[in-house]
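Each of the next two complexes has chain A plus one other chain: chain B in the first, chain C in the second.
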Partner chain A sequence: MSNDTQTPRDGVPEMLGRLAWQLAWGFARIFSIVALLAVWEILARTGTFTPFQLPALSAVLERIWSDAVSGDLAINAGLTLYRALTGFAICAVLGIAIGMAMSRNAVANWFFDPIVSVGFPMPKIAFLPVVILWLGVYDTAKITMIVVDAIFPVIAATVIAIQGVERELIWSARNMGASKRELLHQVILPAASPQIMTGLQVSLPLCLIVAVVAEMLMGGYGLGGAMITAAQFANSTSVFAGIVEIAVIGYVLIKIMVLIRRRLLLWHPEANAPATA
Partner chain B sequence: MIKTLIRYLPLLILALVWEMAARFEWVSTTALPPLSDVVRAWIELMVDGELLRNSASSLYRISGGLGLSIVVGTILGIGMAWWKPVNVLLAPIVEVFYPVPKSALIPVTVIWLGFGDGSKILLIFLGCMVPVTIGAFNGARASEQVMVWSARSMGASKLRVLWDVVMPGAMPELLNGIRTALALSFILLVSSELIVAQKGFGYLIGSLGAGGSYDAMYAVVLTVAFLGFAADRAYLEIVRRTLAWRSVA
Partner chain C sequence: MQEPAQIVVDHISHLYRPPRGREVLALDAVSLEVRRSEFIALLGPSGCGKSTLLYLIGGFLPVEKGDIRIDGKAVAGPGPDRGIVFQHFALFPWKTVRGNVLYGLERQGMPKAEREKRAMEYIELVGLHGFEDSYPSQLSGGMKQRAAIARTLAFDPKILLMDEPFGALDAQTRGLMQMELLRIWQRTPKTVIFVTHDVQEAVLLSDRVAVMTARPGRIKTIVDTKFDKNDPDIFKNKFFVEKVDEIWNLVKDEAIKAQGKRSA
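Coming up: the complex of A and B.
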C-alpha cells in the first residue's frame, strides 16, 4: 500500500524538506488542541463565563495536582479503574465463552440467541435501580452493572467472528487430522481473533461509561462519585478536574487496547495495513 | 409462526421462571415482584397518564439531542474527509474526545444548563456527535476516487459530486455510526435522568424506587428497555430500505 518503499534514496535537501514538513505536520496536529485550551483559559480569565460555569484551565490543573498530592486522585482513579477493568475482564472471559458455546452447541445457541438479540440493543443502564435493589451499592453491584452492559458486544462479536471463519480453513485442518479441540484452539480461535478483539474494543469504553454512571448514582469513592459530590457542593473546579482525569484514563486505556491488538495480531495480515484508529 | 415461537421460547421461559420465583417466594417479592403485578402496575401507570407524560419528555430530549448530533456530526465528518484544512483542525479534537467516557459530562451539562431539558439534550448531542462524525468521515474518505474523477470529468461541480457521489458512498458507514449513536443516546438519557431530573423515564424509575413501589419501577424499567430495543429494530428496517439500491447494484 505505502509508496515509501518504492521511492529512491533522497539527498540531503529532500531529507531536510521532509523534516520541515513533518515538523509542520506535527504542529498542525496539536495546533487545534492547544488553541482550544488557550480559548478555554482566556474565556475563563476574562470573565466571559463565571468561574462556576467555566473554571480556568490553570485552576483545574492546580486542583488535579493537589488531588494527586493528597492521594485522593490515586484512591478515586484506582477504584474506578479497578471496577471498570474487573468488569471488563469478566465481560471478556464470560462473553467469549458464551459466544463460543453458542457457535458450537445448538442448545446454547437456541437459549442465548434471543436473549442476545433482544438484550444487545436495550439500554441496560435502566436496570441500575434493580441492581441496587438486589446487590446494594458496593463493588459487587457496580461491577455487575458493568458486566450486564458491556458483555453483549463481546458475545455478538465472538459469534459473528466464528461464523465468519473460512470453511476451507476448517476443512483443510480437519482433513489433516485435527481433533475438535485442536481445530478450536489452533484454527478457529486465531482466525476469529481480529473480530473478537474488535468486540473487546467496543466493550472497554462501555465499561468506563457505566463505571462512571454507577459511581455517580451509588456514591462512595471513585471518580464518578467524587464528581457528583463536587457538583452537589457547586464545586465546579473539581467537576472539571474529574472530567479531565476520566478523559485521560479513557484515552490511555483505549491506546493500550490498540497496542495490545497490534501485538496480538502481529501474525495477521491486518497488522501490515495502515492503522485507522 | 411456530418458528418464531420456538426462537423466542427462551424469553418466555425466563418470564415464567420470574413469575414462579416471585409467586412461590423463592426470592423476596420486594426484590422481584411477580411479572403479573408488574404488568398490572404498567397498565395503571398508562391509565393515569404518568408514563405517557414522562415518556413524552424523554423522547423529546432524545430526538432533540440525537437529531442535532446527526446533522452536525455528518457535516463535520464529511467536511473532514473533503477539505484537508478542516481535517487538520478537527481530527486531533475528535481523537481526544472520542475516548472520553461521555457519562463524565453529566455534571457539567447540569452546571451549564440546569436540571431541565437543555442539559440532557446537550449531553446527548455531545455524546452522540462523535460516533456520527467518525462514521461520516470513514465513509466519505473511502469514496471511490475513480467515481469522483468520472463525475468531475463529466462536468459535475464539486458540490454536485459531494452530494451525488460522496454522500451516497458514505451512507453505509454513516448509518452504522448513527446506530451506535442511537444506542448511546438511550444510555445517556437514562443515566442523566436517573442522576438529576424532574421528569422523564429515569426520574420516574428513581422516584418509584424511592417510594418503594417496586412493581411500578420494574414496569418503567422494562418499558425503557423495550423502547431502546424497538428503536434499534425500527432503525435497522429504515437502513435496510435506504440501502436497498446497494444490493441491486
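Coming up: the complex of A and C.
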C-alpha cells in the first residue's frame, strides 16, 4: 500500500534498474522450482534415466503444447476444473450453512458434531466404491466424492470462527439496536469471515486433489482420467504432462484465492502484510 | 434529593458460572442510585464484579436476583437509551470509522442525509476529523477508543456505561483521553457510570465514587468527589489530593484481600 504513494523518478536508467531488480527478485522467488526443473531436464538428457522412466521436460512441454493445439488439454483441464469448482461451490455454501446452523442451534450441533468429529479425520476416499455403486462413475459421483471430502474444513472453520466472535462485538451491535436476525449477517458473519476464508482456502486444493483422484479411479475424460489412460498405453510423456498441468492449475487456483481473500478482507491488518510466493 | 433517581439498582445479586468449575457469587445484594446527569465511578479491585454490574445495567446479562430500574422501568435487555463503551473498543473491524458511527444511526432508521451529517459531527467532536475513512486496524489505541466513544455518543443514549474505557491505553494517552471525556461530558451532560480500578481517574472524572469490596462485590462506601474539574492545576488541588488519599485507603484493603484470594 505504501509503495503507491512513492513517486518514482522517471529516467530511462532508473526504469531499467527497477526492471532488472524486479526480474532478479522474481527469479529469486522461484529459484527452487527452476533448479528442480533444470535437474529434471539434465537427468533426462544425460541418459541417467530412460525416456520411459523420466521423459525430458522439453518433451513434456512439447506434449502439453500439442495437446493444447489439438484441444484435448482444454477438454480435460476444463472438465477437471468444472468438477473441482462445482464441488468447491457446494462445499462453500453447504459447509458455511451447516457450520452456522451448528453454532446457532443446539439440535443441529447435537446432530452434526459427531459426524464432523468422525468424518473429518477419516479417509473419505474409502467411500468411493459406495459412491460408484449408488451414483455411477459420471459427474454426479465425482462431484459427490469431492464434496464429501472437502466440506469438513469449511464446516470446522465456520464453527470455530463463529465461536471466536467477541462477546463485546455482539453486545455493541445489540446495544445499537440490531435484531437477532441482523446480528447474524451484519456482525457474526463479517467478524467470522477471515477464519471462514481460511477454511475455504484449505478446501479448494482438496477439491482439485479429489477431482483428479476420482477421475483416475473412475475413468473417463478429465486430467486424472487422461493420465490413467496414458499410463495404460505406457505413454509416460503424457503422464508427466498431466502432472505438470495439475501443478500449474493448482498453483493458479491458490493464487486466485489469495487475491480474493485480500480483496474481501481489505479491512483486516493482514491485507497490508506481505504474502508468500 | 428532590428528583427521583434515574437509575435504581435494588439488591442485585449475581452468580458467575464459569464453563468449568464452581459457580462464584460475583455480586451480593448491591444497591445503588444514580441521579440524572451524574458522573459516578465504580471503583474496586479486579474481579470484584464492577463490570458485571455494568453489564447488568446495560441489559447484556440477565437480572436473576434483585431489580434494576431506569426511569422507573425494569431493565429487560439492551437498548439505545444506555450506550456502552468497552475497554477493548469492540469496533467493527470491517467498517471504517464512519461506518462504525453510522451503524447505530442506521438501526434507528434515521434518514441518510441526517445520519451522515450526525456521524461527521461526532467524529469531529472526538477529534478524529480526517480519519473517518480509516479502518480500526489502521488506528492507534487512543484513536480506536475515540471512535468507539463517537459511535456510542452518536445515537444519543441518555446513559453512558463505560467499562474501563482507558484501561488498555498507555499512560499519556489515558491522561489526554480523561481530559477529553470531561470536556465532552461538560458539553453533552449525560448520566455516566464509569468502571475503573484507577483511584486518580475516578476522583478526576466523577461526582461520586462507589468503592466496591473484593469478591463477592458489595458497595463499601460512596465518596462525594464533586469539585471544580476545570482547575488547571487539578493534580495539586488540595481537595483532589485528599480524596485520592481517602479512597486509596478504602480500596487498599480490598485489593489486598483480592490478591490473597487469587494466590490461595
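Assorted remarks:
Here is the rule we use: the second predicted complex is superposed on the first by the 242 of 277 C-alpha atoms of A that agree within 3 Å, B and C clash if a C-alpha of one lies under 4 Å from a C-alpha of the other, contacts with A are read in each partner's own complex, and residues count from 1 in each chain.
Here, a residue touches a chain if its C-beta (ideal position, glycine included) is under 8 Å from a C-beta of that chain, and two chains touch if they have at least 3 such contacts.
These numbers come from a predicted model, not from an experiment.
With both complexes superposed, B is the one of chain B and chain C in contact with more chain A residues. Once the two complexes are overlaid on the shared chain, A:Val187 sits against chain C while remaining clear of chain B.
In the superposition on chain A, contact of A:Trp267 is made with chain C only, not with chain B. Applying the stated contact rule after C-alpha superposition, one finds that A:Ile98 touches neither chain B nor chain C. Once chain A of one complex is fitted onto chain A of the other, the partner contacts of A:Leu217 are limited to chain B, with no touch recorded for chain C. Contact with chain C, but none with chain B, is seen for A:Met176 once the two complexes are overlaid on the shared chain. Of the two partner chains placed by superposition, only chain C is touched by A:Glu166; chain B is not. Of the two partner chains placed by superposition, only chain B is touched by A:Met227; chain C is not.
Of all residues in chain C, those touching chain A in their complex are 55, 58, 60, 77-80, 82-84, 86, 88, 90-96, 103-104, 107-108, 135-137, 151-152, 155.
Residue ranges on chain A touching chain B, taken from their complex, read 28-33, 36, 52-53, 110-115, 118, 121-130, 132-134, 149, 205, 208-213, 216-217, 223-224, 227-228, 230-231, 236, 239-240, 242-243, 246-247, 250-251, 253-254, 276. The residues of chain B lying in touch with chain A in their complex are 6-11, 14, 30-31, 88-93, 96, 98-108, 110-112, 138, 183, 186-187, 189-191, 194-195, 201-202, 205-206, 209, 214, 217-218, 221, 224-226, 228-229, 231-233. Within the complex, the chain A residues that touch chain C are 166, 168-169, 171-178, 182, 186-187, 190-191, 193, 266-269.
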